[in-house]
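Okay, so chain A shows up in both of these, paired with chain B first and chain C after.
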Partner chain A sequence: MRGRISILLVPLAASALLPFAVFRANRIAAGEPRSLIETLGTAGASAALLALGLAIAALMVIRQPLWRLGVAVPLLVSLVLAMGWGAARLGADAPTAARIGPGAGFWIALTLAGLLLIDALARLRPGPAARLGFAAGAVALVWLLLGSGVLAELSVMEEYRSRSAAFWREGGRHLWLAFGSFGVAMAAGVPLGIALARAPRLRQPVLGALTAVQTIPSIALFGMLILPLGWVAANLPGAAALGIRGIGMAPAFVALLLYSLLPIVANTVAGLTGVPRSVTEAADGMGLTRRERLWRVDIPLAAPVIVAAARIVLVQNIGMATVGALIGAGGFGTFVFQGIGQTATDLILLGALPTVALAFVTSAVLDAAAGLLPGAAP
Partner chain B sequence: MRPAGVLRLALLALTAAFLLFPALFAPMLRPLAPPNMPVIYDRASLSSLALSHLALVAAAIIPSALLASALAILVTRPAGAEFLPLSRALVGFGQTFPPVAVLALAVPVVGFGTWPTLIALFLYGLLPIFENALAGLTGVSGAVRLAADGMGMTPGQKLRRVELPLALPLMIEGVRISAVIAVSTAAIGSTVAARSLGEVIIAGLNANNLSFVVQGGLLTAALALIVYEALGMVAEAARNRLGLPAEPASRPAG
Partner chain C sequence: MIEFQSVSKLYDGLAAVDDVSLTLERGTLTAVVGTSGSGKSTLLRMVNRLVEPTSGRVLIDGADTASVPPAQLRRRIGYVIQDTGLFPHWSAARNIATVPELLGWPKAQIRARVRELMEVLQLDPDAIGPRRPHELSGGQAQRVGVARALAARPALLLMDEPFGALDPVIRGQAQADLRRVQRQLGTTVILVTHDMAEAIRLGDRIAVMREGRIEQFAAPAEIIAAPATPFVADLLGEGDRAFRLMSLRPAREIAEPGAAEGPMLPAGSSLAEALAEMIWTGRDRLPIAGPDGRAVGVVRRDAVIRAGRPEAGPE
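Moving on, here comes the complex of A and B:
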């Protein structure tokens, strides 16, 4: 039965036959495929095929997850390096307006190498500390690859260079939208959850209302909030001075805040009501007051469930902050929607890739953090 | 009638009235539209946009549900068990991928129009349904499996008569989450020229016409709530048929 996962190696091998790179005469021109040999030259392509063949052979024989990881990681890195070198090689004798990006063969090989890596990782079943280590290692590796300049000739990096100041500005706004609204939602949602845990009759209506809010599509809520916030800005003295306006950051911030409430409140209630009766009785028996019991017993025991909510909310916020660009809130979505408007693939990628990376890292870190808490389930 | 039922009916009636006779609501929206600008969206009828919005969701989610359920069945059979850890990890990874990113990345591959939206809805719809189907199929208790074996059921009979019926309520909950996310993503799909109610919101944002933004926003929100409530009723019916207690609703996001 073992070894069926090797079926993934078939498309990995076949990807070498597909175009490795895409050549564009300018940033919005139609792409022309470039094969592996055209991209890397005969010698480069032979070396790449040899490395790929060795990796595939190794993955067919090796069963131990750690060793499989030791093959998958270098495979992934060398794929990216080959793309960078190929882009430099193709760009060397092309006009400056020309753009070189990854082709179907690269994307398929990258996906399959990624799948093999995820499979090896899942089989290793690393503990929370090891998962944190992996996440840190992955971030360091990506940082190193981007900083080394090996990928400088890739079209996405060209898009970045022509708007690096805007990239970091929008990145900052994206973080502020996602994490700022999360902070306010925690400050409001956890006390609300504690109150609801003590008032079972209010629980259903409040959670029902928050579920309804969560169901409203992001673009609709972002749009509809323009109206009340515009009114506040016009009629509440001082609001406009605080930067509150009908369009821009304010409605996006409020929308993300509203979306964040349901997971936080629901999980706080679930965590607190899930504390075993015997534990609360023991705490009462020890003579703890209600407040002492809350801080020293209930909240620590509910903490893993609340951190799980934090992970859900942050991943959701990082993704949905993208939509805020439609109402002028900024963030990485600016590049996504600009790119869609100009049919510039690389600009779309410049907005989408950091958003995805940010969500992955945040999710991995909080997932591990939840596992490191004393009350966490094994 | 319970208050929830009254609210549902009122939501349905108001939405239908707005879609069929938008002119009735024009006086209320008038103050939001700039002078000399139309109050009610006039480039397409609101009802045709709503229908096209629902059609997009259905066209993506039905194949998505079939494929995701088939995959979940596959990885829970002995022959596919080796793919179980990978598929679990993939579901976790995939959920961190924002729906907008899926939409945006589909555009370079298939161009503008309906297709990138359909592809994004289909791909993103797979995850919640697969996750819930997996939870449902692996959640069938060992005692139940043993009883089925004891009755002399073949693996195929066990799947059709025991495992799938028991997993059905959770699978419908998965479809419900996917469908709500799909309504949301289809609205954003209007930025790549898909025909949905999102078109009204985007036209309003571009022309600075708050009346368009608000009517598009309200109708899109109503559509999402109707889909959520309707599939919730289906899930409840499936639970009742099995005699299971009502379960708290799962969390949609989008």
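Moving on, here comes the complex of A and C:
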């Protein structure tokens, strides 16, 4: 296994030959590649290559996952720092309109170092608490790097500075879309799942209908919701005051909610029907009422499966909320679509990077949370 | 006292239990034995209303079980099943505390009761108590299941093939423990099994079931000596009936005054054990010990063999 992951070290070494940065005369101009030497200067590039060489050599010989982690984390951090310094160096003698962003070499090296880090982490087999700790550490590290100002000259950060208020506003809307629709879906889906677990006859029709919803492409579903919600806004007193409109937040919220239902309902049913027969029999035989059995036995034992659905749904929602920007729902998607419209790659990244990070952290936290549940598989 | 009064249970028109009437005395252990599908579990589950009779009544101490809400009824009746049905997300101790918790006992009292029961069942409270069921051996899990059923001091304990999943050595131990605990607490027990040897070993009375009906309801010695139907005889197995009978009767019953050479037979030995000892050591007279361990008489070989015959059996 170690041999196989070590294959990654070859492209990692090769990535040093690819352009490390991209230089643009202005934010929408075509990019020109900048090599490692051009970006960091001879001395800087030599130091970087030496560090990379040492890291690769170390990863070839070290087996102990904790030590491998001790190599991969500094490697990742120095890559990002090198990018920040390189951007500052290139930006120093360029006109103000010029933009410097990461090049192919940086992205590839970042991905590979990330994979090596994840591999070392997986080998450590951390418990749920340790995994939560790692996730918190990663968030803190990113926060520190962003806050320190070393990355300030990077083009993405320039895009951020020029619209930081919009960034946080859209971020808030993104969270509200993704987590709010998830919350409503849980509140509706779990009781529905409980009901279906008790009524096998209703199971097929309901799950079938929810599956049909999943097959509708998201843009089509947004479109399909514009008319009925527009009608509701126009005809139901008070609906418009609540922010319900044919376009904007409401249809996106409802669409995400509909997509969320199938995983939540299906997993709730699967979790509840998966409780061993002997356990329910014993619970009934001890004299637990239906409600006592539900809360003390059935739900705790089904919880890991339900949390697995919650994780799928949240990651799916965080990604899909981006598309909501197309119908005016806001969210990080706003920057992505503006960026596409203006062919401004950095603006696209400003929307895409936080979305990916958000999905990543949410997934890690829920994964660890599932492991902490008392009903989790031993 | 448990009374089944003309109890039947039909599934899709077919009788799983067919017009059963039985009276079980308080403080006794009744073994319900029969082949698979003969309706044993259905009969048992009608006592705690996991199954509702199609017709007939089940009375406990004269009160119709149908007049008590099921949850309330079941909290007063212990229930043990073959797969233990321990709650996998709770520790052994919490499992045992299930019914006292439902009944709202004070916490300290529950804790004391859990410890007490674990000690009675020879489970170390500090080592075993915090473990989750998947961390227990089969025998330990089974004993936790029994402790859980006994937690709220039920006067009645229902057991559905409780030892079926255990290997023979552990099963023997578990059977002996059950007998000891049952005597100690005076609990009325109904035990379902498909194993006639187990029924003979444990039952004060045995109810033999076939196709939903009771074929014979009698004490073990009587069942062995005089099986009421060919089915009962089949279930007994013809070959070793004499040994089964001899393993039921204590050797002390046939002791005569006198003395004999060699090591003494322990006080609680059965006729079968006396005979085995005679064959093994080549003696035809054995001294036998009383409860205090001192010799109280001798057991002679021909007396053992005579006693091994059923009273009404072939001379």
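What to note about this one:
The criterion applied here is as follows: the second predicted complex is superposed on the first by the 374 of 378 C-alpha atoms of A that agree within 3 Å, B and C clash if a C-alpha of one lies under 4 Å from a C-alpha of the other, contacts with A are read in each partner's own complex, and residues count from 1 in each chain.
Here is the rule we use: a residue touches a chain if its C-beta (ideal position, glycine included) is under 8 Å from a C-beta of that chain, and two chains touch if they have at least 3 such contacts.
Computed from a prediction, not measured in an experiment: that's the story for all the values here.
Touch criterion not met for A:Trp176: it reaches neither chain B nor chain C. In the superposed model, A:Leu262 lies in contact with chain B only, and not with chain C.
Which of chain B and chain C touches more residues of chain A: that partner is B. With both structures placed on the common chain, the touch criterion links A:Gly223 to chain B but leaves chain C unconnected.
Of the two partner chains placed by superposition, A:Phe134 touches none, neither chain B nor chain C.
Looking at the shared chain after the overlay, A:Trp67 reaches neither chain B nor chain C.
In the superposition on chain A, A:Pro374 makes contact with chain C only, not with chain B.
By the document's definition of touching, of the two partners only chain B reaches A:Gly351; chain C does not. Listed in rising order, the residues of chain B touching chain A in the complex are 32, 78-83, 85-86, 88-90, 92-93, 95-101, 104-105, 107-108, 112, 180, 183-184, 187-188, 191-192, 198, 201-202, 204-205, 210, 213-214, 216-218, 220-221, 224-225, 228, 249, 251-254. Interface residues of chain A facing chain C in the complex, by the touch rule stated above, are 276, 278-279, 281-289, 292, 296-297, 300-301, 374-375, 378.
Here chain C touches chain A in the complex through residues 48, 50, 70-76, 79, 81-90, 98-99, 102, 132, 134-135, 145, 148, 158, going by the rule given at the top.
By the touch rule above, chain A contacts chain B in their complex via residues 1-5, 115, 118-119, 121-123, 211-212, 214-221, 223-224, 226-227, 230, 259, 262-263, 266, 312, 315-316, 318-320, 322-323, 326-327, 333, 336-337, 339-340, 343, 345, 348-349, 351-352, 355-356, 359-360, 363.
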